[in-house]
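Heads up, the thing below is written out as structure tokens.
First chain written, first letter: the chains are A, B, C and D, and each begins at residue 1.
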Amino acid sequence: MNFDFSEDQKFIQEQARNFLSSECTTARVRQTLEGEQAYDQPLWQQIVELGWPATAIAEDQGGLGLGYLELCVIAEELGRALAPVPFIASVYLATEAIKLGADKAQQDSWLPQLAAGEWIGCLAAQEKPGALKLGQLATTVTAGKLSGKKTAVLHGAIADKAVVLATENDQPGLYLVDLSASGVSRKSLTSIDPTLPLAELNFDGAAAEKLADCKDIQTLLDTLYDRAAVLLAFEQIGGCDAALAMGKEYTVGRYAFGRQVASFQAIKHKFADMFVATELARSNAYYGAWALSADDAELPLAAATARVSAIDAYYQCSKENIQAHGGMGFTWEFDCHLYYRRAQALSLILGGNPQWKELLVERLLRIKAA
Amino acid sequence: MDFKDTPEQAEFRKEVQAWLKTNATAKTKDGGRTSQEEAYERAKAWYQKVYDAGYACPTWPKEYGGAGLTQIHKVIWSQEVAKYDEPDGYFVIGQGNCGPALMHFASEEQKTTLLPRMASAEDVWCQLFSEPSAGSDVAGLRTKAELKGDKWIVNGQKIWTSGAQHSDYGVILCRTDTEVSKYRGMTMFFIDMKQPGVDVQPIKQMDGGSHFNEVFFNNAEIPDSQRLGEVGGGWGAALLVLMNERLAISGVQPDGFPEFFELVQTLELDGEPVVNNPVVRDRLAIWYTQHAGIKASTNRMLTAVAKGGMPGAEAALGKLVGAVMNQDIANYALQLMADTGAICDDALAPQKAHFQKSVLFAPGIRLAGGTDEVMRNIIAEQVLGLPQEPRADKGMAFKDIPSGNQH
Amino acid sequence: MNFDFSEDQKFIQEQARNFLSSECTTARVRQTLEGEQAYDQPLWQQIVELGWPATAIAEDQGGLGLGYLELCVIAEELGRALAPVPFIASVYLATEAIKLGADKAQQDSWLPQLAAGEWIGCLAAQEKPGALKLGQLATTVTAGKLSGKKTAVLHGAIADKAVVLATENDQPGLYLVDLSASGVSRKSLTSIDPTLPLAELNFDGAAAEKLADCKDIQTLLDTLYDRAAVLLAFEQIGGCDAALAMGKEYTVGRYAFGRQVASFQAIKHKFADMFVATELARSNAYYGAWALSADDAELPLAAATARVSAIDAYYQCSKENIQAHGGMGFTWEFDCHLYYRRAQALSLILGGNPQWKELLVERLLRIKAA
Amino acid sequence: MDFKDTPEQAEFRKEVQAWLKTNATAKTKDGGRTSQEEAYERAKAWYQKVYDAGYACPTWPKEYGGAGLTQIHKVIWSQEVAKYDEPDGYFVIGQGNCGPALMHFASEEQKTTLLPRMASAEDVWCQLFSEPSAGSDVAGLRTKAELKGDKWIVNGQKIWTSGAQHSDYGVILCRTDTEVSKYRGMTMFFIDMKQPGVDVQPIKQMDGGSHFNEVFFNNAEIPDSQRLGEVGGGWGAALLVLMNERLAISGVQPDGFPEFFELVQTLELDGEPVVNNPVVRDRLAIWYTQHAGIKASTNRMLTAVAKGGMPGAEAALGKLVGAVMNQDIANYALQLMADTGAICDDALAPQKAHFQKSVLFAPGIRLAGGTDEVMRNIIAEQVLGLPQEPRADKGMAFKDIPSGNQH
């Protein structure tokens, strides 16, 4: 039993943190926030060069052959730094979808490209509000041509290719579509966190290649979402840490009534509660990370648990960081809202808390029954 | 106890209803947002119309431009006008905060001249208390006023000033003595906002909007005749203004419930409205009890005021509860929408993206007019009479109080 | 519009408070708590002599001909004093059931007796856990004889007569049963608040007189419970006040770290939150009181609202009063647990918060639809 | 990261499982409560058996009666023994708190003599820190020890002492100097509890039970050789004990979840288990994330300790979260039962009235071992490094500190 990351993993994390703290300052994040660009292309390029997208891809498929634990510690740092790059879309979603659903030949072809950052992937699944329901898909494939509309596609406006969920002869499956090909149009959506931008994708007979090894698509999607839930939980706890640290620094330095604001019990206990929420989320994320890396049967429950507590913790930490700042926390100039926006965005990708709570309980009861 | 109108009140309500029917703009489903400048012009026009009809500032004496009626009449007015699409609360800070300050401290001539112009919104007023280094600790303010002859020379900076860009006058709290303890060294004035030494700069909020300003004073001038109260008596005067503010904003502040109630009945997931979901109903019940409780508490307070009482610090509870639930409701609404909740486009998100906007504006409501923490302090100390914290700055001359990273 | 009690009503309240603060001290309450008696018979006798049970009974039926508002202010004081008497059972439940379901002749016979305290009534409705369901009643009446088992009957062990919910030819109705008659056996139950004791009543062919004016029994029960919910809400806010006052007094007098415990922000804010919950509950109770006294169509919604917030407020105030006392709050010797037990008992009579929340929402939607 | 056993750990687990299978009592559905005295005798017998088998105090050195193993082995032991109906945590205060204090401060002879007897529970130990006027502010304690010759004479009162009625020894913190500031005037000892000057009185709790005691000292005596640490060094020694207490109780404290999870699957309302109700599922999800989070946090802490770290103040979070949820769960369980929830009879209420009892015991868990508020202070100051409150008693001689209604 060992409930901690290894020294090697911690070293990777430290390297990632050092890199991002110098290359991905909040001033840099604001360039994307304020609409100068849809994502931080140079930063993404550096991240590709560092090999992060290749972390959990096997060596014989062009990856580094590390594992999910290494990806988790990188995720925590990307979350802490609010990195405005398509890492979630391309790595946790598109790459993992391909690992789960593509056959060997497809994987041998696509994974080295993803590992090398030759193209950016995204996942196009959602068509309307609420939890994704396979039985209600309106996107269809006929003779290799895909038609339909997808919404809330993370980084959909800048991705090169999308893994699209669609039905063919009433059978749901995943399809890779080149987004620059004919039959594809896309529209950027105004997103609550412009550093994680969403898009609407319209397909009208776009060429689509079926991921050839999708058998039980519901199970595949569940696994895909569970994996992503764990990785997002690490992004979220990174954000919690950063918000808490920001609030601490400000209130330790600011005075009211002749004393440090951070010396008031109401503020101290607020931070204590933020810390508690973060630590519970962190511990649950660790459990999720282990289940993910060990491909353990507890992954579904561990992933739902990690996600539910990470959503709650980041909401709490990001909103109370604003509160602890007082009026300045409400300004555009202060960085508080960057975390608050990110907390919202991360909580809504993959579906919100209500649906994950229901998943958690289903899985808890299933384990109990087993 | 009678929650219905007396015959006289019913009569007044009918009269108001009739007037509004002819004069006020009906609500439409898609109101269509206007620019800030258009909203301002609309508000000016509306206030003038209300003033001309004699309904402006219902509780003020007639000689100062009011209607000479009671708080209950004001409630009736507010209830009725709320059914229309009119910016009836636009100038609440001037009329609700600055008005009572003038009423209490200004000369008779100033009152007869200025109050009717405030009532008709011909003159716009703002309140200048908060400063970058004086938020929850308002009395920590540093904007300095120095007497030169019969004029006070003002230098410093105010912040979070609503409507400063449109204001003709402002009620300002300044430090006039740094050698005495902080509560004793302040004086209140009203200042001409259109003079050269006053510079108004909008603050960009986290939601991208700009409802507030910073105001810089650079040798701005105030005649001593515009002093409100005694030199050094500014804190007492400010408390009076803040007490009236509570009365003015009570019941006006959004708590998010009506919009949420609409959402849960209209948003459909899996083919049925989300209000059919028991978990949503559970939240709805909790938030409704808070919403109803705030409303009934406000009415109880207005009853007390109508009977001649003062608006108590109890009003802080509506602010506290409403602001927190407003934020949690917005967050929960987005969670219900799941992935698409992050889409902020007016045309795509329910209720013209009300909840997405609300998520981003809600933190401000928890801060403006006193943070959650200040509200709890007010309740604990002023309502429950609990002892103050040991005061680190007690008895110190203002200039000696530690100030940390504020400059 | 006038959202306050009248001076006359406030005078009644003040009188009640003065009486109870001298006659119903917590030392006296403890005699019942500690099992020396099932209820405080002498206190009940004094209350009868003061005419409180007669408050909302018409003058021509032997009552004082006052109204529900007067009963509400008395309820608040009974709650504040933790009065260990069968006022809820006999007045809010049995008397009101008779007012709603008995015909003129029955009322003319029974109400003067209840007003004069000649007998103590109770309501026997519940048969099992969960919300009461008319369709699931197992208690039946045949030829004037009632058989079946009722549980959680408040003051059932000491009441003289019970209003019993039972079915006759599959039609539910209310029946008055003399509990000293043959065919009735009863058993005291261990109750979370021994000052509001519960009993199990067993009927085996007990003589029962039907309340002759019960038409729509569901509506009747709803109204009965709504009325009682408002009255209980006043008992609850009285208890909230008392718990808050107790916590304040103790922490103002107690020192830690060289200063008053009540000067710590964590304690001050705790009390502020208790005050807020109490005031919201109070305001909702006032609205309920008005709807009750005016027999307004808003009573169902107002009653559910009052009840839900009173339950939450009293739980909060009574548990945080213990907390503010520190270790001493956990002792039998300190009175904190009297309020905490009472808060539990009052929240469970008439069904707990989950079912009242559901009622609230049903009623809110019904009004909206109307 | 590996949540599974290493081969060596798996081997140890197998060995423990085998031993328990033969020696421990299986759980039964209706365990049947025993009296407090019976429970004590059972615990004594169990500890002796465990000691004889070599599993007592797994992390202690063998020469002091332990097994010389790691924290992880202790976790394995705890996981396995939890499957049986044995009182394995009964003497946790002695072994978890007093043991480390002896280990650190006692003489080699004392350790070799006393620790093995503690490990086998032949000697029972208690901890005497809290006093009526020193709860959250433990350092405000007043029980006085005065040196007369080579003996300390103890007068005063301790409170909330678990197991004092059975104890042979107690670790006690006394005031030895009232002229210096409060943290510098304390000294720690161990005291013979069976001497004439020690009087133990049970405290009746709000739930009717009596798990704790008051202990009165009336010229009780302690040889100076039983001093633990320096004269005046008691506070540092006490912090060491409290740190070990956190480690000892972590993961042991009830949070109410397992019982609630059972309830929702077995309690039927309207013919179906309440777990089918979405509102119940919503609560279940929240409480499960907290339950799982506490468990995983404890395991992370134990990993750190196994690697040679100290148990951090982080352990306070499990106490804080678990105690609050334990109370809310019990309350919610009663609410689900509705009217019948108020019935406390073992035979009538689900799970032998577990939740009714829990409602009444839960407040104590939020208080014992540090209140919620103390836990938050510990986290804020010791984990997050936030500044202390201004200290009213700072630098004062103990005798001059204001003390209000405490006598």
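Definition applied: a residue touches a chain if its C-beta (ideal position, glycine included) is under 8 Å from a C-beta of that chain, and two chains touch if they have at least 3 such contacts.
As the structure is a computational prediction, the values presented were derived from the model and not from experiment.
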>> Of the chain pairs A-B and A-C, which one is connected by the greater count of C-beta contacts?
In response: A-B
> Among the chains, which one keeps its Cα centre farthest from the Cα centre of chain C?
Replying inline: A
> If you average the Cα atoms of chain A and of chain C to get two centres, how far apart are those centres in Å?
Replying inline: 52
> Hey, how far is the Cα centre of chain C from the one of chain D, in Å?
Replying inline: 40
> Where in chain C do residues touch two or more other chains at once?
Replying inline: 259-260, 264-267, 269, 354
>> Two-or-more-chain contact residues of chain B, please, as numbers and ranges.
In response: 278-279, 281-282, 373, 376, 389-390, 392
>> Taking the touch rule as given, give the residues of chain C at its contact with chain D in the complex, in rising order.
In response: 126, 128-133, 136, 151-152, 189-193, 196, 198, 253-260, 264, 266-267, 315, 319, 322-323, 326-334, 336-337, 340-341, 344-345, 347-355
> In the complex formed with chain D, which residues of chain A make contact?
Replying inline: 1-6, 9, 69, 244, 248, 252, 259-260, 262-265, 267-269, 271-273, 275-276, 279-284, 286-287, 289-290, 293-294, 305, 308-309, 312, 354, 357-358, 360-361, 364-365, 368
> What part of chain D is in contact with chain B in the complex they form?
Replying inline: 277-279, 281-282, 390, 392
>> With touch defined as at the start, can you tell me which chain B residues reach chain C in the complex?
In response: 1-6, 9, 72, 75-76, 261, 265, 275, 278, 281-282, 284-286, 288-290, 292-297, 299-300, 302-304, 307, 314, 317, 320-321, 373, 375-377, 379-381, 383-384, 386-390
>> Taking the touch rule as given, give the residues of chain B at its contact with chain A in the complex, in rising order.
In response: 130, 132, 135-137, 140, 159-160, 203-208, 267, 269-270, 279, 327, 331, 334-345, 348, 356, 359-360, 363-364, 366-368, 371-373, 376, 389, 391-393, 396, 401-406
